[in-house]
Amino acid sequence: AGKLPLLVLSGPPASVSTPLIHMVETGALQAVADKVEFRPWKDPDQLRLMALGKQADFVAMPTNVAANLHNRGVPLRLINVSTWGVLWMVSRDAGAKTLADFRGKEIAMPFRADMPDIVFELLARRQGLDAKKDFKLRYVASPLDAMQLLVTRRVDHALLAEPAVSMALRKTQSFPLSLIAPDLHRSVDLQQEWGRLFKRETRIPQAGIVALGAAAADPALQAAVLAAYARSLAWCQQNPLQCGAMVAKRIDLLSPEAVADSLAVSQMRSLPTAEARAELEFFLGQLHAANPALIGGKLPGPAFYAR
Amino acid sequence: MHHRFGYQRVLEDIDLCVQAGQAVALVGPSGCGKSTLLNLAAGLLSPWEGRIDSSFGQAAMMFQQPRLLPWKRTLDNIALGLKARRTPIAERQTRARQLAHRMGLDDDALDKFPAALSGGMQSRAALARAFAVSPDLLLLDEAFAALDIGLKSELYGLLARERAAAGSAVLMITHDLMEALRLADRILVMSGSPGRIVAQHRVATPVGERDDAWVFARTAEFIRWPDIRAAFALPPLAAT
Amino acid sequence: MSRQAGRAQRVVEALAASGHYLWRGWGSLASLCLFLAAWEETAQAFGPLILPTPMAAFATLGGLLDDGGAWPEIAVTARRALAGFALSLGVGSLLGLAAGVSMTASMMARPIITVLAGMPPIAWLILALLWFGAGDGTPVFTVFIACFPIVFVGAMQGTRTLDGQLREVAQMFGLSPWLKLTDVYLPHVVSYLFPAWIAALGMSWKIVVMAELLSTEDGIGAALAVSRSHLDTAASMAWIVALVGTLLAIEYLLLEPLKRRVESWREFASSSN
Amino acid sequence: MSRQAGRAQRVVEALAASGHYLWRGWGSLASLCLFLAAWEETAQAFGPLILPTPMAAFATLGGLLDDGGAWPEIAVTARRALAGFALSLGVGSLLGLAAGVSMTASMMARPIITVLAGMPPIAWLILALLWFGAGDGTPVFTVFIACFPIVFVGAMQGTRTLDGQLREVAQMFGLSPWLKLTDVYLPHVVSYLFPAWIAALGMSWKIVVMAELLSTEDGIGAALAVSRSHLDTAASMAWIVALVGTLLAIEYLLLEPLKRRVESWREFASSSN
Amino acid sequence: MHHRFGYQRVLEDIDLCVQAGQAVALVGPSGCGKSTLLNLAAGLLSPWEGRIDSSFGQAAMMFQQPRLLPWKRTLDNIALGLKARRTPIAERQTRARQLAHRMGLDDDALDKFPAALSGGMQSRAALARAFAVSPDLLLLDEAFAALDIGLKSELYGLLARERAAAGSAVLMITHDLMEALRLADRILVMSGSPGRIVAQHRVATPVGERDDAWVFARTAEFIRWPDIRAAFALPPLAAT
């Protein structure tokens, strides 16, 4: 195929978008398109519009959202899974080691009935706890509100995803090593719990890149993007601070240090869908069992996975 | 012609014709339907039964309450009808001002909002508003009731002159028999519930020749007529 | 005419008015149908991912209502909205009346009202959460803050525009402050309060959903948040239909009859005298 | 009295009124100070993480203004809010007037208005984004939809309550529809429109921020989102102060003088006759 | 006592005393300040200079415009003053109804809103509202101007009876010299710009003895006085 006049990448203000921004900044896709742009999406509405309006070619999104869109008839393909571990408990209590340690405590939880909530519920159930009864879950509208509650000491524990964890820790000067006693702690790693409880690898296929519209039917383009994404991710992991600065320039919502911190702790690894498929199907299966609406009512068929 | 509000009959069997240039006075007890009749004549109400034909061009009405627009200064209120006819602003203000002066409203009053005028000034302003458009048919609802004797006699003169100049027909309601006798060519007496015309009286003497003495004498005579006394619920006179 | 006839006349008038009202009800229905048609049109044009058809939304709502899951959410939201509305209505009307009577009070109140009216709910949210916690308090407070200025300004303007002549009558006949309020001020002010109340009622309905979206776990707003994050547009629209339906019901069962009753004198006073 | 004297009297009246206005301006300032004091108090009680003090917010705002970064954002937001406000004001006033004149039109419009008033902005957002894209269109549309019902209802009620006697005067003297509008209806209706406009202005200011938060990259709303995500409460409050300050400026420089001008006849008409 | 609106002097050097039970009539050209004086007496305005002492208990006023509350039916409007005095509802409605009947307002009219009444009915309702509280001081501003001759004479009688029964003082404004002569114990003549009292006239004949002939004769005489003619701006009489 010839060179595209415009290639639009998109992603939420989260870790998964970091390499995309680096790709745009460094012109990594010069070979396939004259102009490459990055457009962030902030809420489900904008995502719906992108899915419909062919406003973007490659969009980073949580895997369950991708499955959901696929099941609603949007022609798309998941080309990789890149985010394998961004969920942490953040706590004022340094001692907690497993979810069971939060029993009876109040936990701020962003996004009711969304993926983190369901993962939490799955993990709790696996260790014989009932998420609704054994914890006092306090649902809030966004990670931001959870952070705010944490920082203002209205709650002591929260379930957060990177880079919100790093933002919160930076804000309270709890990270990486503060001279004064740290206020908040990066507590239980949900990925570890996942591995331990389900007897699998300690990672969760949480987010990836989706090819939309014409790009969904263009394996060559997908391969090019996939390769560039992997290279950019590697560079970012080696140069977290520079990468952080690049990201913060594009997404005001994030600060460079938080992005850097986040890169250091998150499990980011770009695995083509074919390699991630088994784990992904298991994960989506678990979500489906817990709440089918989360992935649009059914497990996605083979057309969902890029070859 | 008949009319009613809701299910209350207000007017019954009214047959009334005002000729061009003629002045007709309508007298009758309070609440008998005079204002309703005037509203019908003005086209503000449409009759319940019967019809109204009018060959008059412009009609103007002075309502029983002054009904000045409270947000317009008096001068602009008087000039309202002229504004509606697209008279240029300078001209309509001059005309309104002259007319108002002749009615004893000074510039100070013309510059006030209606709420700051005295009752008599308000009714003069309303009268001036009706005069200002030089109508073919002038409908007056108790136009002079709120005025003192001095002003009344002045305005009687003004009305006579305007009528003579423009040849307007006048249909006026009044409670003052003397006023009716002084100004009208024809006097209609109404009685109430439902309102109907019970008596007619033509005044043959030309307006110019009706002086005070004449008016006093005719009024005294008029008020002794049995049908008038009945219409106004006055006690019958002891037989002489 | 006898007293009976007078009463008979009142009945006739009332019947005529009701007949009129019902007849015009068709007009309202017709316009709602038009609205639905426009919705259908748009939905057809954009597809279900953007906007589901009215049929789909109503069907989903029917399902939600049937399995009983929707009623408690609707009840919770209506309770919060009505509480906030009633509060703003009471406080706003009273303070507005007071401010309308005294020029100084009105000048003192105005900038505060502007600040309240223009302050985005987000600015209050954290304080509200602190003060009222996660229960009903926060949405009720948010609704109150949003509706209060509207009601207040209406009441103030209504009070200020009362005809000075009638105020003098009240003074002349020695009406007590309470009588002045109920017999002179209120009948005039309601004609300003009603548009304010209508606006505030709509406002309370939409603000309660925003507040629930942001702060709580139940109610239509929370349900809407979930269905949004699941990209379930049919359910989202179903919730919105439930919301707007409740609002329409409240308005036409509560506010409109009240309005017609209180303003009936205008109907009978409209023809010429 | 001569015409000059009449003019002199008008000048005297106007001066007296302005003097009064300025004097009462102190009342407004005083109440703003009271508001600031309450804020200070709350801030002291909760600490800067929850609510920064007014001083801190103003200092931050000063910094933002000094380095020039704030002006464009404020301008963008004010532009959008004013555009939406002006649109809703024009369309709402006109349609409201029209609906007030015809009973049928008003019955047809009412439910649609209720639906518009009660529909949460979130329901519109996706359509707005679709129709208007990510530029000014979406916030302007959102503001319009939120403010329109308020203005509409006010205009409609104002038109409906015009004294039938004055309507007859207009008919009698053959006023053209345009003259009827400008000389008879509008002067009466503005007294209903003003509270609606004040409410709508406040509304537009707060809605524009919500819309910007969700849909755009610039403007005060977007800046607020950034400072919130950095948990920078001082900056958040600084932006809110900037927002509310602009609103106050617009209201007291634009709407209030207009209102005083248009309603001046009430002042002079208030004493007994 | 002086008064002004803005910088316009309206009243100057007014010195007026109304004794209990006395009826004082105030006549004068339109706009001379009569209503203002009445408002001052009622305490609705406070004088610019000077003071007003009142030892009357309850005062009631009938304004120049009817000023009925448009949202109350006529009966409730008439009963307003009684309601303010906490008269029980049944009693106040009965009293208001009786009074209204005596003024020629039937139940049908009492059940209407004021806007559906005729002009004369409105002013009768306003008069009834003032009468209803049996005031010690009754202030009447052109109370009978909108009424026909029949009603007028009836209401003159009613006023006389009420005055006799309650011993109320009356301060009334009128443009009708006959009315003043018929009803008042003292007639004050005002002239305008600024308003001042230019003439006083005591009527010695008891009210009961003033019949039509007496009133006609005295009016004709009264209107020939030069100071009255000057006050009303009537042309001076040709020297006889």
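Every chain is named by a letter (A, B, C, D and E) in the order it is written, and numbering of its residues begins at 1.
Here is the rule we use: a contact is a pair of C-beta atoms (placed from the backbone, for glycine too) under 8 Å apart; a residue touches a chain by one contact, two chains touch by 3 or more.
Not measured: the values here are computed from a predicted model.
When chain C is fitted to chain D on its Cα atoms, the angle of the rotation, on a 0 to 180 scale and to the nearest 5, is 180 degrees. More C-beta pairs touch across the C-D interface than across any other pair of chains.
Set against the C-alpha centre of chain B, every other chain centre is closer than that of A.
One simple way to say how far apart two chains are is to compare their mean CA positions; for chain A and chain E this gives 87 Å.
Per-chain CA centroids place chain B at a distance of 47 Å from chain D. Centroids built from CA atoms put chain D at 42 Å from chain A. In chain A, the positions touching at least two other chains are 45, 48-49, 148, 152. Shown for chain C are the residues that touch two or more other chains, namely 1, 9, 46, 50, 126, 130, 164-165, 168, 213, 228, 269-273. Residue positions of chain E touching 2 or more other chains, listed in rising order: 5, 8, 35, 39, 44, 64-65, 108, 115-119.
Looking at the complex, you find that chain D touches chain A at residues 49-50, 122, 125-126, 129-130, 214-215, 222, 225-226, 228-231. Those residues of chain E that touch chain C in the complex are listed here as 39, 42, 44, 58-61, 63, 65, 67, 69-72, 80-81, 83-85, 106-108, 110-119, 129, 133. Those residues of chain A that touch chain C in the complex are listed here as 44-45, 47-49, 51-52, 65, 68-69, 72-74, 111-114, 138-141, 145, 148-149, 152, 154, 293-294, 296.
Those residues of chain D that touch chain C in the shared complex are 24-25, 27-28, 30-32, 34-35, 42, 46, 50-51, 103-104, 107-123, 126-127, 130, 149-150, 153-154, 156-157, 160-161, 164-165, 168, 191-192, 194-196, 198-199, 201-203, 205-206, 209-210, 213, 221, 224, 228, 236-237, 240, 243-244, 247-248, 251-252, 266, 269-273.
Those residues of chain E that touch chain B in the shared complex are 5, 8, 27-31, 33-35, 64-65, 104, 108-109, 116-121, 124, 141-142, 145-154, 175, 177, 216, 223, 231-234.
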